[in-house]
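Note that the chains take the letters A, B, C and D in the order they are written out, and that residue 1 is the start of every chain.
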Amino acid sequence: MAVRAAVAGASGYAGGEVLRLLLAHPEVEIGALTGNSNAGQRLGALQPHLLPLADRVLAETTAEALAGHDVVFLALPHGQSAAVAERLGPDVLVVDMGADFRLEDPADWERFYGSPHAGTWPYGLPELPGARARLTGSKRIAVPGCYPTAVSLALYPAYAARLAEPEAVIVAASGTSGAGKAPKPHLLGSEVMGSMTPYGVGGGHRHTPEMIQNLSRAAGERVSVSFTPTLAPMPRGILATCSASAVAGVTAESVRAAYEKAYADEPFVRLLPEGQWPATASVYGSNAVQVQVAYDDAVGRIIAISAIDNLTKGTAGGAVQSMNIALGLDETTGLSTIGVAP
Amino acid sequence: MAVRAAVAGASGYAGGEVLRLLLAHPEVEIGALTGNSNAGQRLGALQPHLLPLADRVLAETTAEALAGHDVVFLALPHGQSAAVAERLGPDVLVVDMGADFRLEDPADWERFYGSPHAGTWPYGLPELPGARARLTGSKRIAVPGCYPTAVSLALYPAYAARLAEPEAVIVAASGTSGAGKAPKPHLLGSEVMGSMTPYGVGGGHRHTPEMIQNLSRAAGERVSVSFTPTLAPMPRGILATCSASAVAGVTAESVRAAYEKAYADEPFVRLLPEGQWPATASVYGSNAVQVQVAYDDAVGRIIAISAIDNLTKGTAGGAVQSMNIALGLDETTGLSTIGVAP
Amino acid sequence: MAVRAAVAGASGYAGGEVLRLLLAHPEVEIGALTGNSNAGQRLGALQPHLLPLADRVLAETTAEALAGHDVVFLALPHGQSAAVAERLGPDVLVVDMGADFRLEDPADWERFYGSPHAGTWPYGLPELPGARARLTGSKRIAVPGCYPTAVSLALYPAYAARLAEPEAVIVAASGTSGAGKAPKPHLLGSEVMGSMTPYGVGGGHRHTPEMIQNLSRAAGERVSVSFTPTLAPMPRGILATCSASAVAGVTAESVRAAYEKAYADEPFVRLLPEGQWPATASVYGSNAVQVQVAYDDAVGRIIAISAIDNLTKGTAGGAVQSMNIALGLDETTGLSTIGVAP
Amino acid sequence: MAVRAAVAGASGYAGGEVLRLLLAHPEVEIGALTGNSNAGQRLGALQPHLLPLADRVLAETTAEALAGHDVVFLALPHGQSAAVAERLGPDVLVVDMGADFRLEDPADWERFYGSPHAGTWPYGLPELPGARARLTGSKRIAVPGCYPTAVSLALYPAYAARLAEPEAVIVAASGTSGAGKAPKPHLLGSEVMGSMTPYGVGGGHRHTPEMIQNLSRAAGERVSVSFTPTLAPMPRGILATCSASAVAGVTAESVRAAYEKAYADEPFVRLLPEGQWPATASVYGSNAVQVQVAYDDAVGRIIAISAIDNLTKGTAGGAVQSMNIALGLDETTGLSTIGVAP
């Protein structure tokens, strides 16, 4: 019996990507598709790459439209998920691709989002220690942010193995789809092609507390994070360059051993052979994560770098992977580790 | 029992793409991978996006290495396929992604390639009239060129319905992967980003006689083709803008009706709704073809435009689709009509 | 004594480009800068590449703000130029970078723009026969559209020399800045990178009657034009691929001779050596035009291809070049034929 | 009387860029152009954007060809400049755009380049304290590396004002022209478009000791540098994201004050208004540097970010600026602070 899935916010980039993946998922049947400003339009006009769904029409995002499904994916502006989830009832698996239920500390939420905290749901980054147990059988999933996915997978093994001082410095480059589909002048093709530019510099990006939460849990102590996101001239992909001072006694070998151990059995994370470095093109459209790590003994720092597709592993792929776990399916069902390259 | 497939030329773009597709094909098991200058190297170093095959090592391209498979895909420089195919024997399905067996007229071959003609194999563009019958059960397949795929699917319905004069004017833009992986200065990223430039202008491109062959067969008379290819700043995709004078009595309605009829039942070709135009991004990584057609009554021309992914439907996807037919599998097995966008 | 110039519409792409060029013009002093929705803002926030003007503040676009200048450049939405020009008086040189005064036939204007025709001003494409005489001393200049600039310079020599039949087929690729700075979903970087797509297919593009006007004047008879514009993943540049059937007796040599004669003394147009083809990257940011021509004897067509920067020669550079002529300055003053490449 | 300049290595990216700038320099006359593998070719075939020099032919790079000039720009592979400079004699101004004479410590040179140190020439980054005095009247100039230019201008004010701890962490993104024009597979357009990837991770990049040299001199103590370069999908531009722990007592105000003081009178460096961030597109083709700085009090780090054009300010523009100083010309002669955008 197929899993029946609805998508709220089907006209945006996260909604479109989850539909792309669900179309390839052997256990899922796609049910209601909803939008707000685009309700009533054909999906073919909004997401012309989703050919098999071209003639589906978007409904309004209401509890009625979303009722009667086994799983509901929410791709909504932050602050809207709680109300929808409540009306869906406790027996429906609700997978929130927004930010509302990621943070554990209400003070973090309030400081970065300026509204009351809605709560905390099991966190959909299965590779983190303990995450799979919390996801199994859960009816609520908070899908991680795209940057926290890339950064946590780059750095958590160093912290889990107690190799790094609790002060991480992170610079990440993201493709423009991370900024969404709402048209703004600085996101025009004319502006972004040929340009690299930072934003949210100095600690202001809303993904910062989520990174701190993940790395601190791995480290067993509070990890501070200096995070600078940059916008890169490509539609998809995140390259996260992360570093931290090594604790005394660390060697290149001990660093590599920690990463090999962490990722030996992970189906989606690939620790690259020494000498090869992650590239966002290699994971384009896939749920794979490329990771590489180095120890720079001249400065005593561990440099860990990851590449993901921000829309796949960074959003919709992570959502489907977590759904699989929650439903008791094989974690890799319907997901690929093969990038579309060149 | 799985179909066992080998790929000769696995380090290039066509070879990489056919592997990407075969990895997702439920009936195929990937056997030998061969290369020439790259023999002995890990595939992970050459095609880092093909994660499941990262640890496979390329063999030399020899008949021995390729023996013992049900299907052998050849992604070789032109002129090399005949010798390999001969040694594989008549019972192995050989799918040539090169040019050697596409042209029927030896004079065309000799004029454009400057070497003796190797022969003609069943032509792997199933959407053309009669093609499926010739492919079914065949042990030899000549995969079409990428431009002829895009152009033939844009224009053949107009010729088959006797709507167009036999003089087509075609301007097509291709992503850079169409030029292959051998490094040349004009293909450097620094050169191609931000630039559009034509090449092979004035009838010199080797895909021209193949287009003439396809369109002439559809028209039942010799069709002349003015073909100008251009290189576009994108890795993948072909947009073919094709036009021809309409014969007397043609209307916008009769043109549309001919295309609707031609593509009503084609699983990979999508005639877009009126008012929507093909975009290469929409078919990125997929085997889908977007087609749209217009009749410009001010000049009396039919304008037909198609978008394909040059590596998928234009090369490796077309190869797998034709293999499916030759083997008696469902034609769509392992192939997707869903693009990776944005 | 410096020429004092104002720019109305200084926050858009055409306005920004004319400012970029005027900053390098030795005879011009930049006066008032105006905008509408952006009035009151610092130019540094709107056009951060124009460092020397970063602290200038935009005024409202009013006749008062624009008064007291020798030259006023208008970069306004179509339909607004006539009212502004009227209030500036007959002694001010008004250079309209919009469409309002380009077309000679009111019926053309009304059909394509749906509003009453405002009139016709001397046409700012100095390379066309007779254009320089009409521009010299003029107080009004209609700057050509970007596509008509590229297309007319590619094809007019063939028509002026009576080498081509009066039915031109044109496919042009434009960078995204040609679509302007107003944010629309299909112009987002996420959408345009990696994509080629046509628009205005079938004769609907507003630049079509302008091309017909130019080519018909050169040919001495009505030339029909099939024009298909496409959007290319680059910020700037137009590559126009133009062709027409040759009249009887044409040879490759006669075609080349006509182009050599047409462009022997043109300071901004470069007929490339045989075998070299135009590339938009080569004219990036410059007022140069690269042209090449071929005769395809297999189909009897002349193929003429040009590359320009749509914002420079295609808009603001053409405007400054025409201003120079109108003011009696050397035509090349302040303009460059050197592209920014790679 | 014009300054007569020759360029050795005129077919590469650095050579082409210095020619682009010298063509716009009012005091310079371009003399000999030399190359090695390209000797005998027309510059128009190698650098088609340099229209005014299209018919110049490259000579072999010999002392004879380069003799008789006032200035010789060297754009040669590292290790070749010393021999050429020696033969040119002490009265010719030799501007080396390669690495040979940048490093003061022979041990640094030998460790990173594996060959004997050739010496140290006055360093062509005029904005650094004392640099202008050393350049004035000099007959030898070592042009800085592109990354050290971006990084030093981002961070030196913090070190000069004793605001930062001597451990800098730097992640920089560069356009592909920084990797040169020699064709290599990983630099193909098909590979770089859509991809971000690091290289030289862990302290191995040859520009690292040069950054250490500059920052240590500013700080008055040894500064360690963790440097990770990344390749971005754009032809030009460097965005350098640099950070260091602040010393006790630092505030956002004291940081800003230090940068305002450092750059108050610099003609090419623009400290952006608060809230605006550097973008490589804004300095495209110009000699300008955009700098912004923030203090993240949650982690106690100063984050300084700069954007340059790697070929202009990062190579050829810095070379011309330093030449101007050496020759006693106004430092800004022939150089622009206006980017080509969008």
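Going forward, a residue touches a chain if its C-beta (ideal position, glycine included) is under 8 Å from a C-beta of that chain, and two chains touch if they have at least 3 such contacts.
If you're wondering where the values come from, they're calculated on a predicted model, not measured in any experiment.
If you take chain B and chain C together, the chains in touch with both are A, D. The chain with its Cα centre farthest from the Cα centre of chain A is C. Chain A and chain B have Cα centroids lying 35 Å from one another. We define each chain's centre as the mean of its Cα atoms; on that basis chain A and chain C are separated by 45 Å. Chain A has residues 13, 175, 177, 181, 188, 190-191, 193-194, 233-236, 279, 281-282, 284, 342 in contact with two or more other chains.
Taken as a graph of touching chains, this assembly is fully connected, with contact between every pair of chains. Per the touch definition, chain C reaches chain D in the complex via residues 13, 16, 20, 23-24, 42, 44-45, 47-52, 54, 177, 181, 193-194, 235-236, 270, 272-273, 276, 279, 281-286, 288, 290, 336-342.
The touching residues of chain D, when paired with chain B in their complex, are 13, 175-177, 179, 181, 183-185, 187-194, 233-235. Interface residues of chain D facing chain A in the complex, by the touch rule stated above, are 167, 169, 171, 173, 175, 188, 190-191, 193-199, 201-203, 224-226, 228, 230, 232-237, 239, 241, 243, 277-282, 284, 292, 294-299, 301, 303, 305, 307, 342.
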